[in-house]
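Consider the two complexes below, in which chain A is the common component and chain B and chain C are the respective partners.
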Partner chain A sequence: MNDLLPIVVSGVAQGVPIFVVASGLTLIYGVLHILNFAHGAFFLIGAYVLATQLTSTSLGSFVITVLFAGLVVMLIGMACEFFVFRRLYAAGSQVSFLGAFALFLALQGAAQLVWGDNPRTAQYPADLSGATEILGAFVSVYDVAVMAVGAAVAVGLFLMLNKSSLGSRVRAVAQDRVMATALGIRAPRVSLIVFAIGSFLAGAAGALTAPVTSVDMSLAASYIVPAFVVVIVGGLGSIQGALLAALLLGVMESVLFRYATWMTGFSYYLLVAVILMFRPQGLFGSFSRTTQIAR
Partner chain B sequence: MKRSPLLVGATAVALALVAGCGTDEGTASSGGSGGGEGGTVKVGVVLPFSGVQAAIARFEGIGAEVAAKQINDAGGIAGKWKIELVQKDDQLDAARSGSVVRELSSEGVSLAMGGQTTTLCQSLAEATAGAEIAFFGAHCTSKKLIDPPVTDNFWMVSAKDVDLTKALGSYISEEFPDVDQWSVFAYDQEVTRGFWTQTAAEISAQTGNDITAKQEFYVPVGETNYRNQLSSLLSGSQGAKDNSGLFLGVYGAGTTSFIQQAKPLGLLDAYAVIAQTGVYWTTAKALEGTAPSIHNVHEYFWSCQDNEMNKKFVADFEALAGEKPDTGAYQSYVTLNLIAAAIEKADSIDQAAVQEALPGLSIDTPTGLELTMDGDSHHANQPITVANLYGDPSAPQTVGIRDCKTVLADEL
Partner chain C sequence: MTTPVAGARATLTSWHLIPLFVVVALVIPQVTGGSYLFTWTAVAIWVLFAMGTNVVFGWTGLLSFGQVAFFGIGGYTVAVLHDRLPDLPGPVLLLAALLLASTVAAVFAVGALRTSGPEFAVLTLVLAQVLWLLTYRVRALRGDEGFTGLSGVPFGGDRVLRTDQELWYYTIAVVGIGCFALWRLHRSTLGASMRAVRDDPWRAAALGYKVRRTQIVAFSVGGGLSAVAGGLMVHHQGVASPDLLGFAISGEVLVACLIGGLRIFWGPAMGAIVLVWSHDLFSGTEIDTGLFVGVLLLLIVLVLPTGLGGLPAAVRRRRRPARPPKGLSAPPPGVPDDAGSLARTPVNALDVEDRR
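Now for the complex of A and B:
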């Protein structure tokens, strides 16, 4: 048992950042039924905004810049929803997916034009530097902070979807857009709000990731693939499923690293293979066309 | 119908941006005369100008541009031929080698350089062999490509990996003779695993101590989440710092991610020496003055030499790129200079005549040492430099370079 605790802690530290990236992705799918590949570009832009705009190592400045990155990406996301996705809802999920992929390439190209090819980095906030030992595992204080942010995102989304009037409208649109509109819910506005929240989460996740990695064009793909795995394993559109899948993925990676080092890096494939074999709809998913956003 | 113009507009913008991403072919390829006509010799520069290594390739391309400009400004090769570079983007994809070479061939190119990875070097060598183009591996490092050469038309100008690791091992054994406890963190590739074993073998040979790694972690290429490995490295680093070393066999985003994730754990301060074989300059620049001290091996570091040729190379490069040159830029620079020297010696731009002129051909390099092409192995005896790079906010591009040691590969 003593051996397992550090593995679990390391796994959670590894999995939560992926959940933060995946949360916006699964939220948008849950309501709009769009597998938003452009999420990777939103994430990338958030990371670049932090890496280029952060001017101080104070915690306050860092938090403000993360929020600013989220807002910048939120505006881009809203523009994408208004000018592109809104015109593709009726065309079906395949067309929407292709549209999202085109947007991904276009936004990535735009990011390259704006910020250039050279990789960039960001500094940790001074107050979150250093490391701590939790149950035998060495974890950076920054990772602990990101875990707290991940928990806050999960709780916040749960409350928003289940305990607010906006959540009621979101669930109504997610379950039957036509019926919700007939009942007086302004579905386009709800869609825009959901896209704004999802995009904000992508931008903030990118900004939170910037201090622990190289901010360059490869970043989008390196984080969006695990995020997609988490969304699929958790069940398309399920926030709870994404959280559980991200934690499973992180812990599985830690277990493989500890007991089967030669398989390190295969956890994504293993997890997807096992889950899809026994529960093709994902952990919290259903075969129904209607969403499981509130489940 | 009312909305369709918006959709069309958005699509057009998206397509224009996408098209913009993939068109990095240089303007130098347009116009100009065919190879050999009108006093112009076309030289192909095949590099991944788009994709994840675009930043590295851009510097490499500029290195070739600097050499071409210097030669052309001096009146051309032997006063007869001006160089025209024809840049082609291989997108870091060996499967594109065939089409890239066909494009070069159709544009009258019979001399080409490039090769970012071992796979690309081999595929480009094979593709150019069929098209009767002499191909110069400017950035290839694998010993498997030479002696004998992978194809008769392939000439490798950059230093081979075993020489780089030998130089690094020799340097470490001289400067840090007490370090015998090593931890290894590298990409899970044959070549990067080899970097460690070759370096360790050289340290063992030089010091007489049997060097083995007390911890070894090999991660998949492209993975940037190292939390598990770092936690274990930290657990294993609880000992005397004076005799502990860390060998890094990752590069690019891998190095940056490792440093960024290791820094808050205090891991970077747990070793007497950190040694790396991959290019560190790019990462050190990106860290903006906070780069940890790492001993790095490559052909070239811009401030290690104080000679006129280097000063001119650095100044001309800076004028074009706005930054100091890295080792990739140097590799392209000396490769094009070697091609020019071979043309001058052959007094011809015919690829067969140029290749005949290569064995035994020597040129000066910005390192202050001569580079000589061997006719049997098809590999140049490159100068190799080991240096200590560290973050320094007051240094050009925030990277300090010190303790340089440059040697010729055959003197190792």
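Now for the complex of A and C:
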């Protein structure tokens, strides 16, 4: 047990940023039917904003900088929705997908232009550095804090979607955009809000990841692909699915890192292959949406 | 007057294209030289890559973000074989790349096509990412170091193609054969069934087409030709490194298809020419490839979804908006009148014949 707990904790902590990114992705997919590639770039920008703007190691300034990174990315995300995706809704999901890919490449390129090629690092806040003892095993304090944030995001999204009036509007638009509009729900505004939430989460996740990794351009691809895998494995549009898949993948990756180092990096892909073999619609996805044509 | 049978006419046209192609192939090295010829060779390779990708993307309607996976398989197959057996002639290397990549593509498609749409696109992305990781994990592929010194193409016996001119003729011959094969495929019943599957898979299934089998074949053909392009690229650049499997290349090849127009046979070729040359313009500046490609793709998706090939039709429509063509009644509302539009799949596939 003493051996396994740190592995599980660090696995869950690895899964949390991916869950936070994936929850935004799956929310946007549920409402707008866009798989937003640009999320990878949002994540990257969030990480860079933290790495460049963080000046002291106090917890307060860390939290403020994470929120600031989220807000910056949120504005970028809203601009993307307003100027790009809004024009593409009518054109179908394939075009939106290409548009999102274009935004991903363009934003990543722009980030490179702004911040250059050199990798950067960010410091842990002083209060969250070091390790603590839980059940006789040492786990990093930062990991525990990240897990708390992940839990807060999951609960917050659940309450927002199921208990608030905004949530019922979001669900209405996701279910039937035309009917919701006919009933007086301003679907474009709901889309904009959903996009704002999704991109805020991506930016904040990027900022939270910055201290545990080296911040460079490869971050975008190395987080967006697992996030996509999580969204697909969990079932498109399902936040519970994304949570379960992200934690599963995080722990799996961490266990493999400990016991079969040569396999790390592949676990995501193995899992997605196995799960899609047996459940092409993902763990929590609905089958009706997936186009299945026999033979 | 009797109308010629479609097949016979096609044969005639395709035979006419060959001399044109040969003339272009012979004239270009005469009027250009040095670095220009080098770039033209890259253009030729990209033409093949884009045309092969369009079998998947434009003809069959499968969105694949992992086309670079096959490009990379081709490149690495040629590099490894060339490294181990330096005497094997170039065409044999390319054939090996073709066979390996089309097999991998077919096996992948059998599994991945259990999903469709966005899930399938993500799976292709995953494939590319896995292969990229493999170049670091498999020791024989040498990670970041990669393979160098591959620029000479052995060509049977002691002959080695080294100069820019020789490499151009070699490349353009391979590209020509590839494009000719694609042209025949486009005119064949298999090509027609690919387009039927793209326009309306349910109707195609109802008519007895094997939808998934057609998609798998298309994916395999597209993968194989992308691999040939990758193999040529390795000889062209002289190196094989993980950059060959870069994320942006998948985007670039989709851009090439889109610039030219997905539903026009030569569209991707035109797109590749525009892409490589405009790329060349920016190569000296600070601007990153990804930014350039991203902005270009964004502009196309927003402004010109039919690509350059669709431009004449768009201009014609704008000039005479309301008048239907002579002898035809106005199309029923809701049926888009341009075949090239990526945005709207025609409601009735029979209304719209692909332009050549």
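To be clear about the criterion, the second predicted complex is superposed on the first by the 260 of 295 C-alpha atoms of A that agree within 3 Å, B and C clash if a C-alpha of one lies under 4 Å from a C-alpha of the other, contacts with A are read in each partner's own complex, and residues count from 1 in each chain.
By our rule, contacts are C-beta pairs under 8 Å (C-beta built on N, C-alpha and C of every residue); 3 or more make two chains touch, one makes a residue touch a chain.
Note that the structure is a prediction, hence the values are computed from the model and not measured.
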Original post:
Superposed on chain A, are chain B and chain C clashing or fitting side by side?
Top reply: clash
Original post:
Given the touch rule stated above, what does A:Thr121 touch, chain B (first), chain C (second), both, or neither?
Top reply: first
Original post:
Once the shared chain is lined up, is A:Val84 touching chain B (first), chain C (second), both, or neither of them?
Top reply: both
Original post:
Looking at the overlay, does A:Leu103 come into contact with chain B only (first), chain C only (second), both, or neither?
Top reply: both
Original post:
Looking at the overlay, what does A:Asp216 touch: chain B (first), chain C (second), both, or neither?
Top reply: first
Original post:
Looking at the overlay, what does A:Gly265 touch: chain B (first), chain C (second), both, or neither?
Top reply: both
Original post:
In the superposed arrangement, which partner chain does A:Tyr142 touch: chain B (first), chain C (second), both, or neither?
Top reply: first
**OP:** Give one of first, second, both or neither to describe whether A:Gln112 is in contact with chain B, with chain C, with both, or with none.
**Re:** both
Subject >> First (chain B), second (chain C), both or neither touched by A:Gln94 >> reply: second
Subject >> Location of chain B clashes with chain C - one stretch out of 96-104, 204-212, 276-284 or 402-410 >> reply: 96-104
Original post:
For chain A, which residues lie in the overlap of the chain B contacts and the chain C contacts?
Top reply: 84, 87, 102-103, 105-110, 112-113, 265
Original post:
For the complex, which residues does chain B have touching chain A?
Top reply: 3, 6-7, 10-11, 13-15, 17-18, 20-21, 51-52, 54-55, 58, 188, 219-220, 222-225, 227-232, 234-235, 252-253, 255-257, 260-261, 263-266, 282-283, 285-288, 290
Subject >> Contact set on chain C toward chain A in their complex >> reply: 63, 65, 111-112, 114-119, 121-123, 125-126, 129-130, 133, 137, 201-202, 205, 210-213, 247-248, 251, 254, 258, 286-298, 301-302, 305, 342-345
Subject >> Contact footprint of chain B on chain A as seen in their complex >> reply: 6, 10, 13-14, 17, 83-84, 87, 102-103, 105-110, 112-113, 116-121, 123-124, 128-131, 137-143, 211-214, 216-219, 222, 253-254, 257-258, 264-265
Subject >> Residues of chain A touching chain C in the complex >> reply: 29, 35, 84, 87-88, 90-95, 97-99, 101-110, 112-113, 221, 225, 228-229, 231-232, 236, 262, 265-266, 268-269, 272-273, 276-277, 280, 282, 290-295
